[in-house]
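Two complexes are shown next, each including chain A; its partner changes from chain B in the first to chain C in the second.
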Partner chain A sequence: MGVTCVCQVPLAEGKSVQQTIDILHKKLEQLSAVKQGNFTVDCETYHATGNASGQPTKLLYVMHNSETPLSCLALFEGGPCLTADGNFDVLMIKLKSHFQNAKGHKVESRGSRYRYCDFLIKVGAVTMSSSARGISVEVEYCPCVVPGDCWNLMKEFMQSFLGPSIPELPSVFATKPEGLYVPADCVDTMTQYLELFSKVRKQQVLPGTTR
Partner chain B sequence: MEAPPVSVLPITGGTINMMEYLLQGSVLDQALESLLHRLRGLCDNMEPETFADHELVYLLKGQQGNPFLLRARRSLSHPTVPWHLRYLGQPEVGDKSRHALVRNCVDVAASHSLPDFLNEMGFRMDHEFIAKGHIFRKGVLKVVVSKLSRILVPGNTENTEPLSLSYLVELSVLAPAGQDTMSEDMRSFAEQLKPLVHLEKIDPKRHM
Partner chain C sequence: MADAMNVGVNLEAFSQAINAIQALRSSVTRVFDSLKDGMKNKETLEGREKVFITEFQDNLQSVNRDLNELERLSTLVGRPSESHPLHNSGLLSLDPVQDKTPLYSQLLQAYKWSNKLQYHAGLASSLLNQQSLKRSANQMGASAKRRPKVQPSTLVLPPQYVDDVISRIGRMFPDMSIELFRPNGTSAVLLVTLGKVLKAIVVMRSLFIDRTIVRGFSENVYSEDGKLDIWSKSNYQVFQKVTDHATTALLHYQLPQMPDVVVRSFMTWLRSYIKLFQTPCQRCGKFLQEGLPPTWRDFRTLEAFHDTCRQ
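After this line comes the complex of A and B, so read on.
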């Protein structure tokens, strides 16, 4: 795994979520990217019960990524994170009296996975409670693990199919411009998805975009 | 690079509920070698496996009811291997004639940030200990012979003191719920270890 950037892409003028995704797919295919299966990234939210009154409720996020199907990532926003195997979900069921699953807050991104030379591109429709909320694009440059070394190249590549809507340098990279990325456990990628999903949760439902 | 398949795992209570069947006993230090000799003969032919683990027991105190208990275990002999987090449910109260202790068991492999993460979840460490010993297997049966030691200075795993003059012997099987024939198999295996060690069903609640 290499340096990965996850960003939200605005809808094309007058188009729906699916139509914008189709436009992106067409652009990728014109570049001669090859479709290689599907992907899904999801995030469930748990509220800690039993907090002393007056303290903000702690939110625990449990995320899954189809690239690592046997693992899950559990994290507190801005706090420690844990990589665990699939049984962590079973453990959370056992803990249901201490951590309640906010089922309505589950956000997921699902879509197609494309490969173009050394890049892996995933374009997904972000949904919450079955209503489409936006589009996520994940671009991974596989050969490199140092963000500072390849960010310009990634920006140039993203411009070739995203046009002007290319993102800024993700905040997870800002803390380690010359340092090693940690692709082995997907933490930086999932942190970016979490930021995107949190933004999407706060947005309103897009008009006319129920699935 | 092929995409891994996207599948939805059925996370429902029934389908992946694993149960631990357990019999326990102990032997005095002097009797250890005889027991190991017999186990080597009875169990699967494999390289003798020793282990040295550090276990931390965490409690989460809720608003009502008993605290939730989790056991976090790491290997001292293989420090880079993931941590093992274990939840054990209440023993199944049922058939008194069932020969082994049966309880729900959830095992999770976790990264090295586990202690910090458990603290953030609200768990507090209740106690910790070191377990060193031998593991044997016979098919799905697992026999663990371990010496438990207490840690004298919290966090220092070098400075320990044995808890007793004996070794704990545990015979266990992990199986999906409903396979009651396990306890029969365990009982007949336990018979073969008599009189060196008497393995029995111990009710953990009676010793709290």
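After this line comes the complex of A and C, so read on.
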């Protein structure tokens, strides 16, 4: 479990989601990265019912990651989070009276997984109710656990295949209580995905990209 | 066939002798055939007997003739020369089935290879002996017979002294913690944790560093039975590279008479890896080269270089 950065890549001019993903794959293969299978990250939204009126409905997000296939993560935006095993989904069904599944809001990112030296790169198409909404790129530098140490190194690597559209330091690292010098863990990765998915949900459907 | 064997063998006489054997066999066969056929049909009994006996005598005489011829030729054939004795291995070459059991040719190749190996090993040892490779101080290594059992003084140090030296070095550096274990006898095994960057396992032999292996901070240093795992390599290429460099360093820092200075220098060098992921290469200015950060630390100046950028 290394330092991970998740970012959204804008579409190349005049190209569709799939074409931009193909361009990224080609750039990675030019760097001699090796494809190592596929990955999936998905996020389901639950509305908490039974709140006192006047308060905004709290949203519970339940996320799964193919890197940790036996666990799932439940979190409130900006609030506490819980790591549980796969049976948590079944539990949520049993808790139907308290948490209602917003079925149309399921967002997922699916794509290929590449390995380059000690880096793991995942390029995925973000889809919401089977319409492609964008491209997510996750870069993980496995040997290092402290984000503050390797951020410049990761930026240099991302520049080599993403070109000018490199992201800034993820807010999840900047807002930690001890700053950048604490070990990163998988909750940070999922928080970044959650931010990306929330952004994608608020976006309009991209023109001409229904699939 | 084999040139070495036939110095005394007359090939002509040999082939003639083989022919003579065939002639002898056929004449003996004729004898038994005539006996089997019995008497031929003639008018009188005497006539039949006479013809039979004449034929029988002729056959026996031809057998006698052939046998004499064979004896004469056998004296001419001669003996295989004894000047190139191959003993048992030579017998392997006499009647092989070359396709299925090429034993003799493989045997020859094996001998040639081992002779070459011996020769090269001799050359290598004479070259290596020119420079002393002993890292420990030796007293009078000249006459091994007079002092066979004296160990170099620096190799036999009390474990308490080793513990003291290590703990003193551990206190020198605040961001580096050194834990000492003795899982197998008196050799110390150190677990050096450098900040949140890496963990190094250093196997010692009294105060000399024998071997080192470097793994990431998040990797497991213990094996399944709870002991320190001193053999498995790191999962990450960057730390495999750092392990190689650390091995180079422990061979570089040598001072036979003062091993504690050596350990201190090695630890100072290792400590420079606290900023493994933060420092760019001094030569090319970049962070990554082929996916690796600058893993080489110069032995004198402790500057960071990529493995391919160092002089």
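Just so we're on the same page, the second predicted complex is superposed on the first by the 201 of 211 C-alpha atoms of A that agree within 3 Å, B and C clash if a C-alpha of one lies under 4 Å from a C-alpha of the other, contacts with A are read in each partner's own complex, and residues count from 1 in each chain.
Basically, contacts are C-beta pairs under 8 Å (C-beta built on N, C-alpha and C of every residue); 3 or more make two chains touch, one makes a residue touch a chain.
A quick note: this is a predicted structure, and the numbers were derived from the prediction, not measured.
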{"item": "Touched partner set for A:157, first chain B, second chain C, both or neither", "value": "second"}
{"item": "Which superposed partner A:49 touches (first chain B, second chain C, both, neither)", "value": "first"}
{"item": "Comparing the two partners chain B and chain C, which touches a greater set of residues in chain A", "value": "B"}
{"item": "Partner chain(s) touched by A:165 [first = chain B, second = chain C, both, neither]", "value": "neither"}
{"item": "First (chain B), second (chain C), both or neither touched by A:117", "value": "second"}
{"item": "First, second, both or neither for A:18, with chain B first and chain C second", "value": "neither"}
{"item": "Partner chain(s) touched by A:149 [first = chain B, second = chain C, both, neither]", "value": "second"}
{"item": "Intersection of chain A interface sets (partners chain B, chain C)", "value": "142"}
{"item": "Residues of chain A that touch chain C when the two form their complex", "value": "1-2, 116-119, 141-146, 149-150, 152-153, 156-157, 160, 181, 183"}
{"item": "Residues of chain A that touch chain B when the two form their complex", "value": "36-40, 48-50, 58, 60, 66-69, 74, 76, 79-91, 93-95, 97-99, 113, 115, 120, 142, 185"}
{"item": "Chain C - residues contacting chain A, complex", "value": "196-197, 216-218, 235-239, 275-278, 280, 286-288, 290-293"}
{"item": "Interfacial residue positions of chain B with respect to chain A in the complex", "value": "1-7, 9, 11, 13, 16, 60, 62-63, 65, 68, 85, 87, 89, 106-111, 113-114, 116-117, 120-122"}
